[in-house]
Amino acid sequence: MIVHVQKNIPAASLELLGRKLQAAVLTTPERHILITPSSYRSVNGEAAGVEQYIEETFVFADDRQMAALEYTKTKRTVNIGNVAVGGQTDHCIMIAGPCSIESEEQIDQVAQFLVERGIKTLRAGCYKPRTSPYSFQGLGLEGLKMLARVRERYGFSIITEARDATHIDEIIEYADVIQVGAKAMYDQGILRRCGTSNKPVLIKRGFGSTLQEFVQAAEFVLSAGNDQVMLCERGIRTFETKTRFTLDLCGVAWLKAHTNLPLILDPSHAMGYRYGVPDLAKACVAMGVDGLLIETHPNPDVAKSDASQQLNFAQFGAMHDSLRALAQAVGKTMV
Amino acid sequence: MIVHVQKNIPAASLELLGRKLQAAVLTTPERHILITPSSYRSVNGEAAGVEQYIEETFVFADDRQMAALEYTKTKRTVNIGNVAVGGQTDHCIMIAGPCSIESEEQIDQVAQFLVERGIKTLRAGCYKPRTSPYSFQGLGLEGLKMLARVRERYGFSIITEARDATHIDEIIEYADVIQVGAKAMYDQGILRRCGTSNKPVLIKRGFGSTLQEFVQAAEFVLSAGNDQVMLCERGIRTFETKTRFTLDLCGVAWLKAHTNLPLILDPSHAMGYRYGVPDLAKACVAMGVDGLLIETHPNPDVAKSDASQQLNFAQFGAMHDSLRALAQAVGKTMV
Amino acid sequence: MIVHVQKNIPAASLELLGRKLQAAVLTTPERHILITPSSYRSVNGEAAGVEQYIEETFVFADDRQMAALEYTKTKRTVNIGNVAVGGQTDHCIMIAGPCSIESEEQIDQVAQFLVERGIKTLRAGCYKPRTSPYSFQGLGLEGLKMLARVRERYGFSIITEARDATHIDEIIEYADVIQVGAKAMYDQGILRRCGTSNKPVLIKRGFGSTLQEFVQAAEFVLSAGNDQVMLCERGIRTFETKTRFTLDLCGVAWLKAHTNLPLILDPSHAMGYRYGVPDLAKACVAMGVDGLLIETHPNPDVAKSDASQQLNFAQFGAMHDSLRALAQAVGKTMV
Amino acid sequence: MIVHVQKNIPAASLELLGRKLQAAVLTTPERHILITPSSYRSVNGEAAGVEQYIEETFVFADDRQMAALEYTKTKRTVNIGNVAVGGQTDHCIMIAGPCSIESEEQIDQVAQFLVERGIKTLRAGCYKPRTSPYSFQGLGLEGLKMLARVRERYGFSIITEARDATHIDEIIEYADVIQVGAKAMYDQGILRRCGTSNKPVLIKRGFGSTLQEFVQAAEFVLSAGNDQVMLCERGIRTFETKTRFTLDLCGVAWLKAHTNLPLILDPSHAMGYRYGVPDLAKACVAMGVDGLLIETHPNPDVAKSDASQQLNFAQFGAMHDSLRALAQAVGKTMV
């Protein structure tokens, strides 16, 4: 439940009401917003004596609150550099780049390629959430600094991933969009810190996480005051092993109908093999999603991570062309 | 492994070779085709003395044989009435109708609606594979007879489901396309009987079945001599419960790249809720699939099965219009 | 919902009431039992005018009826030869034997071994539900006849599997216990036929089937008048691939608390590798299950199916000894 | 692969070899241990010129290294206070306590109850990894201080969970055993910090994590020099929803056969409902696991988290009695 409370409520009354409702309190220029656990279905007795300050109460069918489409009625807009995503726009943003930044030369090659194609948002991992401690772990801070130089040189918006809470401040300092990785989706150290930042946040769905939990990860950021949140479906883990994960487009249909957050799709990680990525990207665009996250690398075969799923430039270019035509057919514009 | 053997091999030699290779033997006008378990990787010693009759040997990376794209090089064509599906066609066939045939009046309403939209293939269940014995079980033979009358009246191709082997002969007699339901995907009584029929067969993937097993179900039909087989992905069972099943489009990308069978997609059963069906149907068409199976009902709210996922006529019509436009954008034609 | 109706209700009234409630009607020597879909929560208006014939009404929390523990209050007893399973007994029945019967000699070796250990129930497959048509498919009717001879010679109760409905009559004729395989759990051709037999039925859970669906498979048999039904958990399909399936003992705890059917556990198929079978068998016995189904073979390495999971006689014997000691510690007796 | 290298290798040679093999280097009093990604299967050319310093090389079938049973041959021993777990002991340690510490009074009640039963290890959460930001989040540092007082008063070993990396130093300071929660299993901020601590670490399996990934989480701690690691299976997420999770005892059989780490089982979280916990605990003990983690609360119905799965004291006591008898039957001692 969400309760809108007037600004002129006495501080002690607000504090008391918040405590009674076990609510998170978010104060905006217009009002106080009390956000309660889903078990609260009305303010009832808890608001006795302060009813006059209560503007409106919102109750939801399941455990969604700030992210509920029923709350805002329209989709939220997130601004990535000069590009607006979601909201009333017809944009489908293309976010592209290698799995990992590996060297100054590698990232420069990617950057030049993306610039030529008019793509404005670059992804590259610096802190890699590898399952094994004996695999390539990413360039860390050095990588972040390379990304900062690429931004200066080419004017991209940069998105990169926080692996755990120990380096979240660095990520916030260097990135334009903070990516919360699938393996970190429950990491409150990251999520709460993102909530007090003003940078856009892209939250990837944990591959073992329900849609409910996915939305609740966003609630951590939204309730702390940062409304620049996007959700990214990237495949869930199922019994099928011929593909790396299973892209959950039924889930995307649910998110589109039930939440107010822009939806970004990552077919690269879902498929795990480059041959399926273009077809899946088409499927996503046809559903009207707000953006795509696609891995591309100058020479995928020697990539230090995710070698099998990154597209080379020719493959990416062919896919990108076909997506632009398809987007038009469904009333979208690739940006 | 598949071994092509010349027709002029002596019968005893063929029989011996087949036994040594533990092979299924399929004889066509052109040749004998020996199909072996996947553990065989060459004819080696087993063919000693009859090497001269061996035309060609095909070995596959995993346990696919007759359904392997590497075997035929091109996709197989299946003929549904006058409509060719798969192969070199640009067709995306629309198969539509109610979950269950409920009455002469109901099916007539659906038929008229589909005729108006130029749709030529009607689906409707007569033997329902309901989980509970206390739910509506379908009209059975009476329903098949109603479908036959609809065919006469309107000229549709009729597709209906075999629930188990006890009525497979009836289904083969009345239907134009035999549907092997998801719950019957392993039913050898059905599959082997379909193999000796000459009618097209649409095999639905079991919701707990791997892609490997799905393809192997088709092998039962193909190896018995019926090459008119289509595969239908209809959602797999995962941990996510907000939607009924999870449509596995990564799996579709794998099937497209590895098998020679036309692919039909059923977003209705995957989603389980009508609000998501149009978007998912678009995703499927954008991937270039060979057909769709969509449930529609004159009045879904009173449907005797799958009430929540069937589209009413207005919803179906709007979706169908948008799919025709989208199909064009990806070089396909809705038929 | 289940409705107990007195025998003296007029036939027409019974028929009308059954129709109004969409009920299956089972007539026993004591009464008529009307079994309705789970949406019915009371007889309300439907029983107007015949209230006097209604003895009792049973409503259940979810979609269980004849199998509900709340219905019978105590666990049902199933009789396998002279051995009573479930009910008030302290029996844990050991059902053992090879995956497939392969030859007269092989089954005789197994039989002698089991006889020496005092085991009275022999399992062996004749119709194998193999995924691939190119694998060993079982000896079929010939195998059933061999099993009949083993029964004569040694006095075992024989349990063997119906793969599909085409040979269910043969299975019923030759077997003492009819096994409905995991891949056939939804097969109404088999289930309904078992319902009109008076032989015990062991239903294996489909590896992609929910507990709800598992219980409903039993309802097909129970509602047709055969109350000799056992449930067999044999592992479900999950994302984990290091083991063949995942034995669902949480599900067993649920079944034990919510159903009235004896529970048999099959750790062999769940694990898929013999090294884990003894430990899992101990876990099952410690939970107080009513029986075990374990695969054993004179020489597992050359077995024609499930080679990796069958125990040799030494392994089986060591396990059997430890299970007898363990059973005693939890108040059970291995039979 | 693991490479044992003599201490007398020149520093520069060690450094070079480590770099060539992309190895983590762990130096112990006896030797240098180089741990490589699983793709390395021999030292081959990389060791040219320094072969004389190489003591032994260990190669493993899959991606296990320091945790591989083939490496140590015997199970590792972990010391929790005065209690040895794993190794050559016959101990099955009982770790018990409430889901969350809620108040000084509540934890004192639990502590007295456990002391009476001779239980020496107390669990209680301070930082709760709740899915929703609007639920009870735990008492945090205040809770840790309460736990420290309980330890002083009663002499327990205390185990409590690190939710994310922001408070890992606090946890290490206050706890006797660091619990890495299921949602934090991939958190390298936590895992790497645990590696440089000398306190025992209990790693819970992520509910969407494979056994491979589970073991690799342990590798982060082991390779950093802390060999006091235990693995805790607590249920994986499957399609079944009648229970909260599915306890993966097949996985436990695999871990027992393939890793050298003590195994602790948590049936409370797996089941999610108290009625099944005692039976599942018996199953675990019968398998010969090294310990149990069971939730108990003075009054579960008012618990601030996990209310449905915590046992009250009477239930816990009855279970504990039966487990002690059972443990004896399988050659174990509850401690």
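Just a few scattered comments:
Just so it is clear, A, B, C and D label the chains in written order, and each chain counts residues from 1 on its own.
Heads up, the rule we're going with is that a contact is a pair of C-beta atoms (placed from the backbone, for glycine too) under 8 Å apart; a residue touches a chain by one contact, two chains touch by 3 or more.
Keep in mind that what you see is a predicted model, and the values were worked out from it rather than measured.
Path length between chain B and chain D in the chain contact graph, taken as the least number of steps between touching chains: 1. Ranking every chain by how far its Cα centroid lies from the centroid of chain B, the top place goes to D. Per-chain Cα centroids separate chain A from chain C by 48 Å. Centre-to-centre spacing of chain A and chain D amounts to 32 Å, using the average Cα coordinate of each chain. If each chain is reduced to the centroid of its CA atoms, chain C and chain D end up 37 Å from each other.
For chain A, the set of residues touching two or more other chains reads 208, 212, 237-239, 241.
By the touch criterion given at the top, residues 208, 210-212, 235-236, 238-254, 256-257, 270-271, 275-276, 279-280, 282-288, 325-326, 328-330 of chain A touch chain B in their complex.
Residues 22-24, 35-38, 63, 65, 129, 131-136, 163-166, 183-184, 186-190, 206-209, 212-213, 216, 219-220, 223-224, 237 of chain B are the ones touching chain C in the complex. Those residues of chain C lying in contact with chain A across their complex are 208, 237-239, 241.
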